[in-house]
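The following pair of complexes shares a single chain, chain A, combined with chain B in the former and chain C in the latter.
Take a look at the complex of A and B:
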């Protein structure tokens, strides 16, 4: 089995000295804000034994594939990416304990080295229309849908949420695509009157 | 003479905002809201363009995006940084500072020298260029001549790459056309709960309600304020694609609309009448005259003759009279009609009505630049009597019929039928989720159009799950709005059918006489409908002519194929914002700082080599290679596909997907792995490493990772083995540290025992390198003692830094893809898809040693068993050029020629700094594969170069470099 020592350390794939983002605020940020939250701790696993193992670890499991649920005390989220594949993100202690726990046969660890972006603002749907062919406006957010699709040509996982009537979407992609996704979405966001913000600016949404 | 009228209710222009522009070098002024044509026409300038073939003067005909008479060039200037060709003046909003010129003139619009071509019309019959310009020898001359004579606007090559946005959009019901029926449909659908988008190419919604008196209704206001209706004006539906996918084009962008149902309320194209000189400026369709008046406050003429064959013509005559235009006469092609009250109203205005009459010909005014009078003759279904009267006029208003704007309906797969009563094609069978209403559906009466819209809108909403279906009954039209034969023959011709191509009635007769009597053949031979208006005004008349000339019904003649796009779409919109995903490894920034010159490897960006000041590319590559041979080099191999298979059946899974055996592979060892497809063709290779009995980590080629993962996932689902596959390609960083000093460098960073006995060639170890958890593999791809070190991606940069730092004293040098390709070639290692192609089997590639046909099953086994019984088709072998060879060396893909026949292809070649000569791999016929055979390689220029087949590896054939103490 994969060594527990392979647990990732919090180094964002976008924080490699390549991003020269200029942060926006105020009205621009309210229009459209993009933050890099790749540093969030996360853990992934898949396999036929994943549901029972996660449950035994005290992790709530979304009832349906392609949906999500919130971790206890709202410390993060669990995404069900398929019938037996899961992504846990947010609670550092939980992520550490899951990574260290013994995994039985039928539970396969997935090293999650994603880039993760947080998108927010009243013009978010305009950005989504320019970057993805999924009609996010038609989704019922009360069911916590998770969308696995392609955005600007990159395979992504999207968790659409709303906080205080403001749309707030998380977008995960393979870390090697992270810079391209970031730069492309930022270009569109700037054209729509928004831009890049620091993750701390959107902390209330995390 | 200025033609601007007093301000009118509902006009589209803003008279408080003057707009200054120039046309043909002369300065004009219009208003905000004007189109280019309406502004020029309002200033009194009638001639705005020259026709394509004969360079005849042209002016407003439809004042819609239906005809293409008025195409202009907007030149570069202070407000427009680059020129825009082929601006459609009828519909393009006037903008401050426009510098417009007519296209397709020689010496300007007023003195177009090419207008002399009209005098040679008799020598330029239909299809003349097919008959006259077929000489191969003279073709370059003709080509140059035609390129000079033809073509419309001129492309400005200074135009920058305009990255227009491109977006998706969604709705329940898309309504195409914001006229009476379209708005009615939108309201019905939205009232039932559907989210509706209405799209219209005009600057404002309302369709004919904005210019035909008596059609005002409150539905526009209701639609605008409806919370579930979005109205997109200045936007056209450019095509129809499967599953209700419709590109919507506006001035800024293209939106790809995905609707659940589509209502076509696209209306109809008002059709021109055919008579001699029917293209003279001042002769226009009734809709154009009324649009000029009611939208732009422009008086179209002072004295008009109305040529009618329907009720709309009578209404237009009344409208003109009420707007202060003297209507000299109304000429009705029909002998009788049912709109008696309209005729009474027309006559009450003092307008003389000629029934069963036609305009035999229009006579130019004294300056030849506009209509001066028309000659009236009796008319009975094409049979023309003697000219009975000549009426002076400065304008002719034509309303003789319509052709449905059914282009997108055809694209959607609608089966149409010709309704003889209506003299129009109407939908007979509509595709699933497609609805039609209004004029395109054969419903022309205003009240009926509203009802028909309600019906279609309710049906569309019901189709997508909102409300019940429609229950409206649409009354049949009382009479046909289109004349069966609005065509008047004339011995002197110039009675135009197609205004884009200056096609006359006789051209059609001649084409049919020559045997082009099928609608598609006629189109291509005559070019009818092939101009920029795509037959919106010529296809229906052309079809009527062909039917009559061949004794068929229009239904039997049929229509030509309607293809996207409905209107021309700017190239910038089609290109849009390009999405070209790129992957980078976590070490990308380090490479950048080291001067990497990038190359694409699939979607990955990889260093081709590292540039050094004053050093040529090839010298850098060879320098990097020699550093590996003599010291130590480091390359980022994080782009390799990196997969894991875990579970009790993991070994069984690999046994099935690779041609070699892995069940017996020891934990802590690796083995080369070749994958074939079902036909036995080599599709990928890599290394399988066994981490545990039930856990394998394996690599694929850089470009194959995604495809291989997808295929393996498919196979695993199908086979239902007890194992899972994980794609860790992007999650692991990987470097290869190689060279005689590699072990010494690595030893400073790890406690892993690197001795040859403890960590042998092809061994696998897990350990810690520079404090980073790592998987280490002893590899020899480049032919030296080396280690592939795989770590979680977010440690990649730290690992690179640590190795570079540790190797500093040994002179460690980063090397790129090109040096690696050279090194592996020296070692005789192949690259799948470079040294193999889409037909290469393991035997042909020299990999037969890896094929284990004694396995129970693996993908491709059956094919390889069959292939094994057949003679080899080709063989991959090594070759060398003479040690003393000088001159141009062969390149990859140069061919091997044997006895004048193609006998092989070079797959890899390079000058080897280690061997000091050219070496390479070549796929050749088996009879040429024996060591010592001389190959004859043809260079691009035709020169031949001799090479000799040699055994591989070229470098270190005894593999001593992987042995302790070697």
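Take a look at the complex of A and C:
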């Protein structure tokens, strides 16, 4: 049986050749930093029974479609994608327990082999304007919106957040498009005076 | 840029959607006459006017119904299947 907690493959080593990764720091990172956080543990499920099952597992469920909420103790996030599909990411113990838990009928596992990028910096909106059709600046972040749209031709899920008045966005896409999305966004970021950083340097944002 | 409103995701450029044909009621195969069945299988209405159509928001795979005036090239309303009335 296929596991719903299949481990994804990070995209940045594919692009950077494992040992030659170039990480920016300081001013460049403050402009625009992109980190590959594809290895975050995650679990997906969907179906008419998903809400009640997740609630029974102790997972908070966002009330509105296309919104998100934070896991207890801030250990990760739950995204509600559409009406009855959910993505849980961040808390390794919780993800493992969800993957191992018995699912009743009406709850179906969703294989999440996403590439996930963390974008941060004061020039982030300039990158979004070049790559995406959605005006993120008009969103009300207090409602924790989740945006499913197309970015440089790739279907993506975006969770816009703000940390210390600096925008900090997570972008998920199908893993097979991860390398293309990573390379394209890195090219734009470099033009804007930013670049790639190691995920650990953005750990405070996770 | 043409804008279409997804019932779940809101207004988006039409490039994020694809069209999947007219919403057509299937006659009961057990009781339909041959003529009725042949008309359902083979005949499509190309006349301009208000049409109910299947559309999909590809970024989220949201399927919904759009009522579109193909004569005036206007999207009149969009809703999830079964929620239109």
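Rule of thumb we're sticking to: the second predicted complex is superposed on the first by the 185 of 206 C-alpha atoms of A that agree within 3 Å, B and C clash if a C-alpha of one lies under 4 Å from a C-alpha of the other, contacts with A are read in each partner's own complex, and residues count from 1 in each chain.
Here, a residue touches a chain if its C-beta (ideal position, glycine included) is under 8 Å from a C-beta of that chain, and two chains touch if they have at least 3 such contacts.
Only a predicted model underlies this, so the values are computations on that prediction, with no experimental measurement involved.
Contact with chain C, but none with chain B, is seen for A:81 once the two complexes are overlaid on the shared chain.
Using the contact criterion defined above for the overlaid structures, shared-chain residue A:108 touches chain B, although it does not reach chain C. Residue contacts after overlaying the shared chain place A:193 against neither chain B nor chain C. Legend: residue contacts after superposition of the two complexes on their common chain; A:133 is shown touching both chain B and chain C. Counting residues of chain A touched by each partner, chain B versus chain C, the larger count belongs to B. In the superposition on chain A, contact of A:156 is made with chain C only, not with chain B.
Applying the stated contact rule after C-alpha superposition, one finds that A:60 touches neither chain B nor chain C. Chain A residues in contact with chain B (one complex) as well as with chain C (other complex) are 133.
The touching residues of chain A, when paired with chain B in their complex, are 1-3, 5-6, 8-13, 16-18, 46-48, 105-106, 108-113, 126, 129-130, 132-133, 135, 137-138, 152-154, 174-177, 179-180, 184, 188, 191. Residue ranges on chain C touching chain A, taken from their complex, read 8-9, 12-13, 15-16, 57-60, 62.
Only residues 65-66, 81-83, 133-134, 147-150, 155-156 of chain A touch chain C when the two sit together in their complex.
Taken together, the chain B residues at the contact with chain A in this complex read 165-170, 255-256, 258, 577, 579-586, 588-589, 592, 604, 638, 644, 646-648, 692, 694-695, 722, 724, 726, 728-732, 766, 768, 773, 792-795, 797.
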